[in-house]
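Structures for review follow.
The same chain A turns up in both complexes below, where it pairs with chain B and then with chain C.
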Partner chain A sequence: MSTFFTSRLFFISLALVVIAATLPLYVSGYVLGLLTVAFYFGVFAMAWDLLFGFAGEVNFGPTFLIGVGAYTAGILNAQFGWSVYPCIVLGALASVIAGLVLALPALRVRGPYFGLTTLVAVLMLQNFIVVFADLTGGEIGLTIPDVITIDAGANYWIALGFMTISAAILYGLSQSPIGLVLQASGQDPVQAGALGFNIVKHKLAAFIVSAFFSGLSGALLVFYFGTASVGTVVDVAVGVNVIVSAVLGGRRTVLGAALGAIFLIVAGEFLRPTGELATFIVSAVALLVVLFFPGGFLGAALSREARS
Partner chain B sequence: MDMRLSNRAVLEVRGLTKRFGGLTAVKNLGFDVNGGEIFGLIGPNGSGKSTAMKSVMGIERPTSGEVIFEGENVAGLPAHKIARKGFGMVFQHSRPLNRQTVLENILVALLPDSLFMLFPDKALVERAKWIAERVGLGNVMNRRPPTLPFADLRRLELAKAIARDPKVVLVDEPFAGLTRAEVDIFSDLIRSFRDEGRAVMLVDHNVKSVAALVDRVLAMYLGEEIVTGRADEVMKNETVRRVYLGGAIETHARPETSFKDKVPLLQVENVSVFYGKAQALENVSIHVHEGEFVSIVGLNGAGKTTLFNTISGFLPYSGEIVRGGDRLRGTSPAKIARSGLVQCPESRELFGEMSVRENLDLGGQHLSDDKRAAQLAWLFELFPILKERQGQMAQTLSGGEQQMLAIGRALMMQPQILILDEPTLGLAPVILEQLSKALTKLRQTTSITVLLGEQNVTFALPHADRVYVLEHARIVWEGDPGRFAAEAGADFL
Partner chain C sequence: MRCTQHLFLQAAAVLPGQSSMRAFQILIDGFAISALYALGATGFTLIFGVSGVLNLSHGAIMVAAAVAAWAAASILNVGTYAGALIGVGVALLTAFATYFAVVKPIQDSRRIPNEEKEIFVLTGTLLWGIMIQELIAYFFTNNAKTVLPIVEGVVEILGVRTPRNEIFTAIVCCLVIALLWLLVNRTRTGKAVLAASMNPRGVTLLGLELTNIYIVVWAIYGILAGIAGVLLGMFLGVSSYSVGPLTASAFSIVVLGGLGSVSGSLIAAFVVGYLETLTAYLVSPAYRTIPALLLLVFVMYIRPQGLLGRR
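Up next, the complex of A and B:
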């Protein structure tokens, strides 16, 4: 842990953040907008990696947590006229509560069943939104009256700052004793239990942290978008993107997940002129990375550093 | 020691029973273990030793019975609670954190079960270092587990188990896969746990080492106690001899000249294999005649598994491997296996979530229905336990039962050449005898060719027509088993 502040990874991350912070001075609003979304996705992916990479639990429904946070914030603002910041905080809290309700029973089942439970949760949320259209805006989506700011540069800095702080916390957590215990329980639950660790408690904590950051990021994102819709924050396809980002960036690296998310969103945008082909190309790249560098971007880089 | 406790055993087990569905794995077991005592548990494969240990530790929830620790009944508590009361367990199959160093792996075991410790204590790090030194990992503290030799990985397991200074240490098969010299070192370590006043419970099939180590031993069979007492008394017990120890393994080597094929069936010529820069095999040449039984004897890390994996087509190599006149280079592992060269790997590679029967049927899938049925019937005669357990999920079998299943699955493929990599790992003496008989029968009734990799020479020699000794990636000796003891046995006997 203490070696982190002198490690190459730390300086590279610091340099990247500093460079990124200067971008609004010389790039277009269009690029800033793209990166703003990418940074929020980065948080989704990092939060997901804490669960999968460390606790060893595959959450197929990251958008359940994201969506609950996003819609809670959106509904409170649009339907009840609450102001922006309480909405964001409550969005994050709602996500934590929803995460608890989901995880408590789901963590009791082993292996693939946890993943299936999380997937079903997404589908239920999606149905709920469609059925209670009066409240949620249904399939059309919910228009959100308030914004944090309309300035593209400010929005960009908020997203960057939020991602940086989240990254610091999530990475720090992953490297702390709790991260070690999580990894041990993910690796071999029986042995972790015999070493005296209450695995369910630790995994639950990881789930709560993951839910908090997912929900918070989701809530911030809807205030940036100005709308909440199934297609942007709940759909299974969005969740798949989050998962692909994390795997692409490097499992168990946390920071890699953010890189993966930025890559995925920026690449998708660059390829937009190719139309339908874009998704295909991005998916193919992701598949190739997973097949030939199973450690992901950062995993491959880290192991090269370790070898030299 | 507290006066009240001084006349009371640290661990008292009463009427312990564990049922899995219809199967009673442990039946009404009772014993005491005192502080400063090593208590052994022996019995054939599947007799319930591991289950008994896991029930004490809380990994399996006992169906009934009491586990009394310092006067308190802990039966039914979850493992993490029991662990915190003062229990540590050494697992047979370890899965250390591969991205963390040895020291960090030990550190994990020392952490409190708390969600609020964000930075490891300096004192904990010091203690982890001390434990590493204590179990002989001092020189490799900063290495990562994947780079460690097998024995060091086992040391790491010991280190984790004693990290929090438990009063009861449970050790399941610590000696499996270790060399003679390493077994002695581990025996000393386990003895030192006892001398520190811990209560130690030990399971292993290395009868000699167990007998030398334990103060008392309980022999069990089919989940029940046969007898408890001093090791020498228990080993003399008639039932123990019959169900566990079995008879001596007979030898019968055939001279090489008795094999009629002019060109050996399998020739490995000047084969070298590298893992990165490390050379795992250096100019290895061996040959095996049709119908011959050849043993490759070598300590851990000598290169046995590498040699077998090379023959099976998994690794790139220089030199030639020729089978029945054809070069094998360029043939895929799947094709090699289909053509009758079947390897039964050390790591078993069973399909854990499939049943015993399904695993066997997969092995015999290329056979016609009646041939498969006949082969299965023959196999069940060889390993009756597999017949009983056809419906059980493979991963829930006991260690030895899994080994039998792995061998059984390989035999279902009706191999022409069968490669057995450390088949005796984790097998009870009586099962060794059964396996031995099976191999003898195989040799007499079929024309199967067997290549056996072993460090257990008491098993490897009797079956072999010829023996090679592999040491540090090279073949250093070749000859018939009769000459082995005199010329090459120093490291093994």
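Up next, the complex of A and C:
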């Protein structure tokens, strides 16, 4: 851990965060808004990477955790008139419970079977939202009356600060002994168990942490957007974006996942003039990265540093 | 899956309130839909059984076939039969492209550790499917397209007005599945495929080239997905939005039946098809997919390997 604070990665990240923090002084509100969303997405991708990259759980339904957090916060605010901060906290807690629900099958089934279970969880949540339209706003979405702040700069700083703190915690966790045990139990659960590690406990912890950050970020995003809808926080396509971000940035790097998410969202915006082809181009680039640089952005950079 | 909804609404409006007729209606509609699901899922499970690949671009390949058949028949005016053939041909080509451009490079890559190839194939085919979907949307718009059916008209079976096309769909699905059974169990190539699904290493020891077997399997898969796609286009219509739901339904049928088990998928297809039809008729079309999803979760808890799966 102590080597990290002297490593090049630490200084690069620190410099990036400092530069990012000064952006509101000279860029337009439009760019800030874009990056704000990208930062929340970065937290989704990092939380996903902790589950997949370290615990080895193929989670096709990151939006199950995100959606539960986002909708809990949104419903409490819009339907029951709770104020913003309790809503966010309860959203994150609801997401942790959802994470525990998701962890139950993970302890029984593995690989594609678990992947499908998570996919089903998303589809169930989607059906639930549509069926209980009175409570959730249905397919149209839920309008949230309150916001944290309307100032673009403040929103940006909140998102940046949140992402930085989340990144520090998640990265620290992944480099700690807990992260190593998780990695071992992801690669060979039997052998890791034979070495005396409590796999169930570690996996549950990974699910809880991942769910907590996903839900918290989802709840914050809902209060930034002012609306919660299936298309923005629950749809399988959103989950695909989260997975693609993490794989693009480099799985098992945590920080790379955030880079991937920012790249994906900014690239999508740059490609807006190409109209309907934007998604095609982003997917094609992602596929090329998967095929030719399986380590992702950060994976490729880190392995080059290790070699030199 | 969602696009089937309008069919049920239509059928429900035609129906008089007699319960016996409704039972027959459910029996007939459910059969056609289940047979279509079965055809779509068989190729999917075959590929998994033989090469361990879960192809998440499955829905995109089916939609590509249907849209190609539609475009050939309605824009190029080549006729329904030629259009259907073109659709199947496009599916075959897309399946080969999926194998050679996405799956094979990942399987052969030395930079991807073996235990992570599965997730890379999943991510790769998922992205590939999105690319196909976006291209279809770009060139042919998102609008739903219905392929002109090969047989038209309506007949009355047991007092239920049934489109001839629905019967045609069911018959073709059953015939193709029967042919596949003959191919796998009665021909030399088929036996090699079967052997590869049991023990790939054993097959290579017998001097058979595994890559050739994979190519055969992808060809079979392409044709099956193509036929299923074209029939779906005739029966219910498709749009680029059906890509995700189609992949999800094939994936869940295959997992329910047990990954890699063809007979398991057939049973699961009928279970899911009838469960959806029953819910649509007796409860509400809006809740159509929910019981099947619940059943899936239930089976995963009780019997994680699926109905007929081997681990």
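To be clear about the criterion, the second predicted complex is superposed on the first by the 307 of 308 C-alpha atoms of A that agree within 3 Å, B and C clash if a C-alpha of one lies under 4 Å from a C-alpha of the other, contacts with A are read in each partner's own complex, and residues count from 1 in each chain.
Convention: a contact is a pair of C-beta atoms (placed from the backbone, for glycine too) under 8 Å apart; a residue touches a chain by one contact, two chains touch by 3 or more.
Nothing here was measured: the structure is a model prediction, and the numbers come from that model.
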Fit or clash between chain C and chain B when superposed on chain A: clash
First, second, both or neither for A:G172, with chain B first and chain C second: first
Which superposed partner A:Q187 touches (first chain B, second chain C, both, neither): both
Partner chain in contact with A:M46 - chain B first, chain C second, else both or neither: neither
Contact breadth on chain A, by residue count: chain C or chain B: C
Which of chain B and chain C A:A228 touches, first, second, both or neither: neither
Which of chain B and chain C A:A205 touches, first, second, both or neither: first
Partner chain in contact with A:V244 - chain B first, chain C second, else both or neither: second
Which superposed partner A:V84 touches (first chain B, second chain C, both, neither): neither
Shared chain A contacts, counted only where both chain B and chain C touch the same residue: 187
Sites on chain B touched by chain A in the complex: 57-59, 78-80, 83-84, 87-89, 91, 94-97, 99-100, 104, 107-109, 111, 113, 115, 117-120, 160, 163-164
Sites on chain C touched by chain A in the complex: 54, 102, 105-106, 109, 111-112, 115, 118-120, 122-124, 126-128, 130-131, 134-135, 137-138, 244, 248, 251-252, 255, 259, 286-287, 289-290, 293-294, 296-297, 300-301, 304-305
Contact footprint of chain C on chain A as seen in their complex: 52, 58, 105, 108-109, 111-113, 115-117, 119-120, 123-124, 127, 130-131, 187, 236-237, 240, 243-244, 247, 276-277, 279-280, 283-284, 286-287, 290-291, 294-295
Residues of chain A that touch chain B when the two form their complex: 1, 172-173, 176-178, 180-181, 183-184, 187-188, 190-191, 193-199, 201-202, 205, 252
